[in-house]
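Order as written gives the chain letters A, B, C, D and E; numbering starts at 1 within each chain.
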Amino acid sequence: MLQTTELNAFYGQFHVLHDVSIHVREQEVAAILGPNGHGKSTLLKSICGLVDQVQGAISYKGRDITGRPAEKLVNDGVIYIAENRELFPEMSVLENLKLGAYSKNARPFEKKNLAKVLELFPRLEERKKQLASTLSGGEARMLAIARGLMSNADFMCIDEPSLGLQPNLRVEVFNIIKEINKQGKSILLVEQNIPQIAELADRIYMLEEGRITFEGTAQEAGENEHLKEIFLGM
Amino acid sequence: MGGLMAIIYGGLAIMPLFVGGVDYMMHILIMILIWAVVASCWDLIMGFAGIFSFGQVAFFVIGAYASAIVSNKFGIPPFFSIFIAGGIAAILGVLVGLPCLRLKGAYVALVTFAVHMILEPFLKGHMGRAIGTGGSRGILTIPPINIFGYAFTPDNKVAVFYLTLVLAVICSVIILMVIRSFWGTAFLALKDSEDFSASLGVSAFKYKLAVFALTSFLTGMVGGFYAHYVGMLSTRMLGIDLFVTLMIMLVIGGIGQFPGAILGAIVTVTLNEMLSPLGPYRPLILGGLVVVLVLLLPDGVIGLLRRIFGGKRKTREAEA
Amino acid sequence: MLIEYADVFISGLTNGSVYALMAVGLTLVYGVSKAFNFAYGSFYSLGGYLAWVLLAGIGIWGGYISVFIIALPLLMAFGYVTEKLIVAPLRSRSDWEIKVMMITLGLALFMDNFYQVAFGSRMKSLPPIVDGVWDLGDIVISYQDIVILVLSVSGILAFRWILNNTRIGMAVRAVAQNPEGARIVGIPKDRVFAATFAISTVMVGAGGVLLAQKYFVSPTGGWDILVKSWVITAFGGMGSIQGGLYAAFILGMLEAFVGYWFGMTWVLFALFAVLLATLAVRPQGLMGKWG
Amino acid sequence: AADTIKVGVPLAMTGAYTDTGDNYWKGIKIAIDEINASGGLLGKQLEPVRFDTQEFAPERVMQGADYLCGKMKVDSVHAGWAGWGQDVRAYGKYTAPFFADDGSQSAVDVFNQDPKKYSNIYQLTDTDINQASSMFRVLMALPYEYPNKKVAIITADDAWGTGVGETLAKNFKKEGWKVALHEEVPYGTREWGPILTRIRKAKPAIIHLEIVSAQEVITFFRQFMESPTKSILSYGYSIVPREVVQTMGTEADGIIGEVPTAMPTPIAPTPEAQAWVENFKKIWGHQPQAGSWAAYSGVKAWAAAVEAVGDAKDHAAVCKYISTKGYKGETGWWKWDESNVMRAGGDVPIGHYQVQGGELVTIFTDPPVKPYKDFKFQTPRWCK
Amino acid sequence: MLEAIHLTKKFGELVAVNDLSFKVDENQIFGIAGPNGAGKSTVYNLITGFYPFEGKLLFNGKNIAGKKPHQIAKMGIARTFQVPRTFPSLTVEEALSVGSRFGDDKGFDSEYVDFLLHFLDFEEERSRNTGALDLLGKKKLMMGAALATRPKLLMLDEPMAGSNAHEIQELMDFIRRINEEMGVTIIIIEHFMKVLTELTETLLIIESGAKIASGDPEKVTSNEQVVECYLGDAYASDN
């Protein structure tokens, strides 16, 4: 479904990703682990067309999408759910959600998806009219995820979905991801704090200093002592 | 910064050796120094403090009128009246600054520019005439600065030039010291994130007002100096021309690139003079030049010098 | 007595509609891209000169209708290209808001003096769109003013409706609030930036065409427009179309009544006094969002 | 280059005053070309050196003097509007004869502070005060029965406007008139609703408008005409911008106005003058404006003096000649008074016009108030 | 040291903090937890003077209600923000200097700034632009700048969010050392139970702006209501 080949990414002079090759199969959940600041978000953003300087190749459903800008990729079915949320601060929760369905292929499902995400996150239903800028940290995170779900994308890049969520919701989000995966979506995930990550992901990558240092199935990851110690300790 | 400033002023200081006999050239040099201070003040408040103050010309004119009126009406020697003028400009600066503290970006620009726009009808109107602005006729006789019996009139341009130079150097050193001191850091911090700065103990109120006061004081004082040099005043300085010219100085010098503004003043005044015979093509070319320069020289002449000589540059963007 | 006030009121209404028309484009661009366009007044003159060239210069067939048909696309293209060439490249720079002000100021200087070189310093006049007055006995209203009122108010309301109720409008607002976020949901932000700039150019240029017959066109005639638009925009709230509309009429009325009671010299003072008072209570303007 | 005589021409070439600058330039250009074509002055060609005074900021005015007289060493300076007193101080420092068209008492006041020092300064027109008095005299002399004794005065807020406004008001009051409205308005005023409402209420017999800028006076007229009162519309010096008659054509018929040191039109008083007008029209394609002839005559007056003295460099002698002898122009003698002001009257009176058939027609000259040729005042259509 | 008495904050209809009283003792690590939107960050904003409110706030016996944020900083209360703040125009060292210069009444102390850079293991980043730091770096920067004001009380808003187990462990060590070695009282908002139980001495749980439990962390986290509305069954069984 998605494949990167020797991907390199830069911010100005700063070389962040070094020859990163990963792939995500149809209907698969892949997770990227790695220490803070080692390029996980940059990898997701590069795939989703949000980084200006990338080299290497990215293909999606067999098509080369290297350098394709985010706004076009959304129509192709690739969506990024940002770590820092990127909401529209002066718009209500509802308007933010509606904008999540801006792309052509999401539009027909807007009503249906809206009902669904409001059911998934009752807190958002409660706060429909509130401006996004005044949401609490966790509420904003929910809105970001919900807005991403509105896009009806086939391939979702989710950056730290559990960031700032209360414990029971973290489990909830984990379930939601499982659920949408079951419905046929492929997911590439960056996540540090779901203990059950091994249970969720079909494939796990480890990204250190911009390089892939481990690749394997969840089971293989579980057997890797280094990984276990650092990432699956919570 | 200090070194470059010394070179620039040093270079200007020896100019009278070559053109000391030509009043016209000396006049240009004097005006360069005057505008250099005004542009530097503008750079301080806009480039460093990040406050879009568009009242610089207004404070200049306020200082000029204040000093002229104070010395004409109360017989205070111009040497002192220019400080009084600076004080008056500073007080007005604080008054204008107060409402601006709660405002942002283009709003601040508007409120400060409002001072500029209101100033002309005020000076021309009944209120202005009552305090001695001479209404729309202006003030046509203003005594020259007199130090120990030596009068600095437009007839002694070399003397006036060196006096201006002293003033400009003092003002520039003050500006430099402010930028180098913790003020500079406070401004950058406030510009980046006001709530983070506040949580670290930075008072936006205090520093913003202080910068309003300081820049209007210096600008007003230089305005006063100008009044006594030229010896006459009218509201015609408030046209858009001077405002734009000062802005061009900043563009050429580089915003937030002190002492770029001084270089900007030199280049702009010279260019303006050279283009003057072209009549309407002068502003046409200047305008086009601004567009091109903003695009090609993001940090003005200073940025260019840095690129050529590889001087160190304070990174101000979120780049690695 | 009442009749007199009716007269002043109508003059306020006329002022207001003219101001509204002028200010909306500025507020739009500022609202969306935080770019303050100092060449706004010169764009206004551009509309006027285009109309003049077409009507007086070429003597185009079809009068104002042809003028609008030809001038509007030209203005739109001009705005679009201007944004792409000189505003967009600045967006990624430090202090870009100041730089946009400066570059547009440079553009204004260039355009104004281009007009002077090309068309001379004298004002140009245009034939009226409609002639004649509506005589109500003690009050007369010129048809011209009515046309301006109707066109500007309906144009603005339509515009506001689009912004608030259509996908495109929502996209424009989204880009205004978070360009990166807009890209993530699939909105092409660069195109929206350029398009809003183009639309604002059309709005103010159309204003130039409409008002040229009333106020004439001259090389520096745009400054007045810029300043008034700026005041209205700040007063109404930068980025708020509705606020701009209210502000335009409030200021129009203010101008008429202050001019009537106290004299024209006080208008500017009153204008800024009201603006300051409003901003003191509501720093974001009447309806506005934060700049 | 040594065998040319440099002539300084500081005029507004950019900014708000560009158009008046153009007017003066047209006259000066004709004079210089004429002299050069006829073999030059003392055998030397005249070489104009232009300087852009922009918007007359004090330091700009000073710079002009330093540039033209100090650096370029010109032997005479021909300006138009030049700084309303600022120019007197700036050019008084030098010796080259300087001709201005300030028309302002403040310039004369500066001159009178030190007539010796400023002896090279010449004004080509009379002061605002005298011009306004002249306007008043002609208004009173019109063959027209005023329905009441009320006047509305609207002027620009510049030195010229306020000067004229105050003088007129004083004169009207002295004659027992009531000044129903006296307003100073800023340039750029184009919405006249509030003022017109008050005018319509007061129904004054005379409205005097003094803003030397076409847009303001045309918008005023058009908005006034939406529902006119029976008032004589007196535009004073505001009648001069060419755009006024050019734009309005016969629509402007009936408006009256005034120009000092102007060539009476459409028929000039003497054959020489008529020839001059024809020449001007041939060169520039339109009727001469105010200022063109004055500026032209300034150059010619100076040239005549240089011719008589025999040395363009002897500024003092040239000035003395101009002050004492004057100059004989197309309509007769130009004489400067002890303040070096070309006072209106004699062969160079103030012309009072009415727009008739879309052109300026001289109906009176003053002082003394005298009907001009056979041209008659016509009652404006809105007063009938 | 800090005592909140009947704190109430309303945003229109919404009561974000509802009659909340609590007390933080000198030298304590005090935890605050509760569901998303419970009002935790709002409590910080009230303490640091960002919003007006009803009720009383005593800091070392003095009422600090109505004071401006920068005044409160000078009194010795420092904080970090949930959404990281940085100074993109400043380097790490300069950012810490801002705290030292403006927040510390003793004035600028470059040795102390050096010490903090060392303490935070930030020496390599010293002249790095703060805008280009990664998430953990930004959080450390906020902590460092806050510490540079020499606070008596440091309030951290979800410092661990977005970090992995290893990094969390490191951060916990930091916080403990700040508390023990520098003698700074700490309030921490967190969602990680492990952090709260291991680090804090007193834990306050709020929901919808009101207190639902407080006291010993172990006990509080086994409170039925807390488990139900906040931790969830999965967590409870996990522990």
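In this section, a residue touches a chain if its C-beta (ideal position, glycine included) is under 8 Å from a C-beta of that chain, and two chains touch if they have at least 3 such contacts.
Being a predicted model, the structure only gives us computed values, none of them experimental.
Enquirer: Provide the labels of all chains in contact with subunit B and in contact with subunit D.
Expert: Correct list: C.
Enquirer: Using the touch definition from the top, how many steps at minimum link subunit B to subunit E?
Expert: Each step joins two touching chains, and the minimum needed here is 1.
Enquirer: Could you put a whole-Å number on the gap between the CA centroids of subunit B and subunit C?
Expert: 31
Enquirer: Just give me the whole-number Å value for how far the CA centre of subunit A lies from that of subunit C.
Expert: Measuring from centre to centre gives 43 Å for this pair.
Enquirer: In whole angstrom, what separates the CA-based centres of subunit D and subunit E?
Expert: 76
Enquirer: Please work out the Cα centroid separation of subunit C and subunit D, and write it as a whole number of Å.
Expert: Spacing between the chain centres: roughly 37 Å.
Enquirer: Where in subunit A do residues touch at least two different other chains?
Expert: As it turns out, subunit A has residues touching two or more other chains at 11, 14.
Enquirer: So which stretches of subunit E touch two or more other chains?
Expert: 89, 132
Enquirer: For subunit B, what residues touch not just one other chain but two or more?
Expert: 121, 125, 280, 282-283, 316-317, 319-320
Enquirer: In their shared complex, at which residues does subunit E touch subunit B?
Expert: Residue list for subunit E touching subunit B: 48, 50, 68-71, 73-74, 78-79, 81, 85-91, 94-95, 97-99, 101-104, 108, 129, 131-132, 142, 145-146, 148-149.
Enquirer: Quick one: in the complex, what on subunit C touches subunit D?
Expert: Residue positions touching the partner: 4, 7-8, 10-12, 14-15, 113, 116, 121-123, 125, 133, 135, 140, 142, 214-216, 218, 220-221, 224, 255-260, 263-265, 268.
Enquirer: Would you pull the subunit C residues touching subunit A in the complex into a rising list?
Expert: 167, 170-171, 173-174, 177-178, 180-189, 289
Enquirer: So in the complex, which bits of subunit A are touching subunit C?
Expert: Contacts found on subunit A: 48, 50, 69-72, 74-75, 79-80, 82, 85-91, 95, 98-100, 102-103, 147, 151.
Enquirer: Which of the residues in subunit E come into contact with subunit A in the complex?
Expert: It comes out as residues 11, 14, 34-38, 40-42, 82-83, 132-137, 157-158, 161-169, 191-194, 230-235, 238.
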